[in-house]
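Order of writing sets the labels: A, B, C and D. Residues in every chain begin at 1.
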Amino acid sequence: MNIKVLYFARLREKFGRAEESMPFSAGTVGALLELLRNRGPVWSEQLSADRNYRVAVNQVLADASTPIKAGDEIAIFPPVTGG
Amino acid sequence: MNIKVLYFARLREKFGRAEESMPFSAGTVGALLELLRNRGPVWSEQLSADRNYRVAVNQVLADASTPIKAGDEIAIFPPVTGG
Amino acid sequence: MKITVQETDFDAATEIAELRANHSRTGAIASFIGLVRDHNDGDAVTAMTLEHYPAMSAKVLHDIVEQAMQRWQIEDVTVIHRTGRLVLGDQIVFVAVAAAHRHDAFLACELIMDFLKTAAPFWKKEQTAQGERWVESRATDEDARLSWLDSSDISAR
Amino acid sequence: MKITVQETDFDAATEIAELRANHSRTGAIASFIGLVRDHNDGDAVTAMTLEHYPAMSAKVLHDIVEQAMQRWQIEDVTVIHRTGRLVLGDQIVFVAVAAAHRHDAFLACELIMDFLKTAAPFWKKEQTAQGERWVESRATDEDARLSWLDSSDISAR
C-alpha cells in the first residue's frame, strides 16, 4: 500500500522535501516513524523520541499508536507558531 | 457660601432640574443630603438612605462624610449604566 | 492615549490604525465594541438616549485607563463613548488596547470595560414598545468589577 | 461563521461590519488583531514568512470556533489568518466574536486565540539582522491553552 507523507517548516527544510508518496505496509504512526528514522542521521536525529514534533493522520493530530491505512495523508511538523 | 448641585438621569427628572446654585453652610455630603430631603416627599423618597444613588464632589465619588466647601460642584446621580 | 466622549459615530478601523501608528512594539490589539441590541430585560428596544456628566465622564475614563496601564504592559489605549440618541445596531462604546503580548491586551480591554460599566457617569434611557425607561444597573456588572480586585496581575482564569 | 486563511490583507472594520449584519441580538463585539512586531526573543525582526498546512489549518480553526460556540452564548465568529511574506506592522491574524453580552465575547475571543496559537498548523520563519530562523513555540502559549481546560464556564479570573 502507498501513503502520502508531508513535512512542514523546519522538518521540510531538514529533510529536503515537502511531501512524498511511499510504500508502507499496514501499521501505526510509531512504525512509520521508526521506518523514517532508519533513513539516516538527519532523520533519526530530527524524529528522535526526545524531539518535539507532531504527527497528524488525515489532518487530525495522532500519536504513536494511531493506525495508518492505504491512502492516508500523514503530516509531520514542529510545534505550531501561528497567530 | 454657595455651592452648585447637579442632578442626572432619573433624579434630574424626578427633581425637575439639572442643576442649581444654592447656599450651604460648611458641612458634609451627609448634611447636604439631609437638607435636600427636607424639601418634600419626592426629595426625601429619592434620597432616602435605602435608595441606590451616588454623590460626587468636584467630579470625584464621595460618601456622607466627605466635606463640602464654598464653590464645590456636587453631583447626585443613580448608579451608572453606560458602556 | 486617546479618550473621547462624543455624539458622532466612530470607525473602528480608523481608530485601530491610529492606535498602531508609531508603536512598532505592538504585537497585539484587543478591542471591544458595544452596540445597541434589540432586547434588554425581555423587552424590545428600538432606540436609546445616552446622558452623561461631561465634567466627570472623561476624567473617570482617564483614571480607568491609567489603572490598566499600571497593571499590565500596555503600549497605548483608545476609548470612545458616545452620547445622545442611538438606534438599534448603533455603536455605543469602543475600547482598543495595544500591547506587545495578547494576554495583557485582552485583560486590559476587559478591565476597562468592566470598570467603565460601573464607574463612568453615563446613563441610558431606552425606548421600548412599553415606553421610555431608565436602564437599571446590573449586579453582574458590579460582580465583574469586583472580580478584578482580588486577583493577581497575571493569574489563571 | 467565517473562517479564512489567505495571503491578502484584511480590513478590520469591514469584517466587523459583516459580522454585525443580521445579528440584532449582538450587544458586544470583542476582537483581536495580531501584528508583526519589531522584536522577538531579543532580536530585531524585519519580516517573516508564514507557512501552513492548507488541508488542515482551516479545519482546525473551525474546530476551535465550534468549541467556543458550545461553551458560551455566541452569535457569530470571524477568523482570518494570513500566510506568506509579512513585514513589520503587518496584520497576521484577526478574530472577532459577536455576542449578546461582553463577557462571553471576551472569553470566546481569547480562547480562540489561545487554542489557535497551540493547535492550528501555522509556522513562522523570521528575518532578523542575524539571518532567518524558525520561531520557537512558547511554553506560555501552552500554559494559556491549559488554563481553559480546568475552568468552569463562567469563572473568576
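Everything that follows uses one rule, which is that contacts are C-beta pairs under 8 Å (C-beta built on N, C-alpha and C of every residue); 3 or more make two chains touch, one makes a residue touch a chain.
Please read these numbers as outputs of a predicted model, since none were measured by experiment.
Engineer: Shared touching chains for subunit A and subunit D?
Structural biologist: none
Engineer: Measuring between mean CA coordinates, which chain is farthest from subunit A?
Structural biologist: The most distant chain relative to subunit A turns out to be B.
Engineer: Which chain pair has the highest count of C-beta pairs that touch?
Structural biologist: C-D
Engineer: Counting in whole Å, what is the centre-to-centre distance of subunit B and subunit D, each centre being its mean C-alpha position?
Structural biologist: One centre to the other, that is 48 Å.
Engineer: Would you kindly tell me how far, in whole Å, the mean C-alpha position of subunit C lies from that of subunit B?
Structural biologist: From the centre of subunit B to the centre of subunit C is 26 Å.
Engineer: Distance-wise, how many Å sit between the C-alpha centres of subunit C and subunit D, to the nearest whole number?
Structural biologist: 22
Engineer: On a C-alpha centroid basis, what's the spacing between subunit A and subunit B, in Å?
Structural biologist: Here subunit A and subunit B have centroids separated by 72 Å.
Engineer: Could you list which residues of subunit B touch at least two other chains?
Structural biologist: none
Engineer: Show the residues in subunit D shared as contacts by 2 or more other chains, in ascending order.
Structural biologist: Only 34, 113 qualify.
Engineer: Taking chains as nodes and touches as edges, what kind of graph is this: line, ring, star, complete or other?
Structural biologist: If you draw each chain as a dot and join those that touch, you get an open line.
Engineer: Which two-chain combinations touch?
Structural biologist: Chain-chain contacts present: A-D, B-C, C-D.
Engineer: Which residues of subunit D touch subunit C in their complex?
Structural biologist: Subunit D residues touching subunit C: 11-14, 16, 20, 24-39, 88-89, 100, 102-103, 105-106, 109-110, 113, 144, 147-148, 151, 155-157.
Engineer: For subunit D, which residues count as touching subunit A in their complex?
Structural biologist: 34, 50-53, 55-56, 59-60, 81, 92-93, 113, 116-125, 134-137
Engineer: Within the complex, which stretch of subunit B touches subunit C?
Structural biologist: 6, 8-10, 12, 52, 56, 59, 61, 73, 75, 77-83
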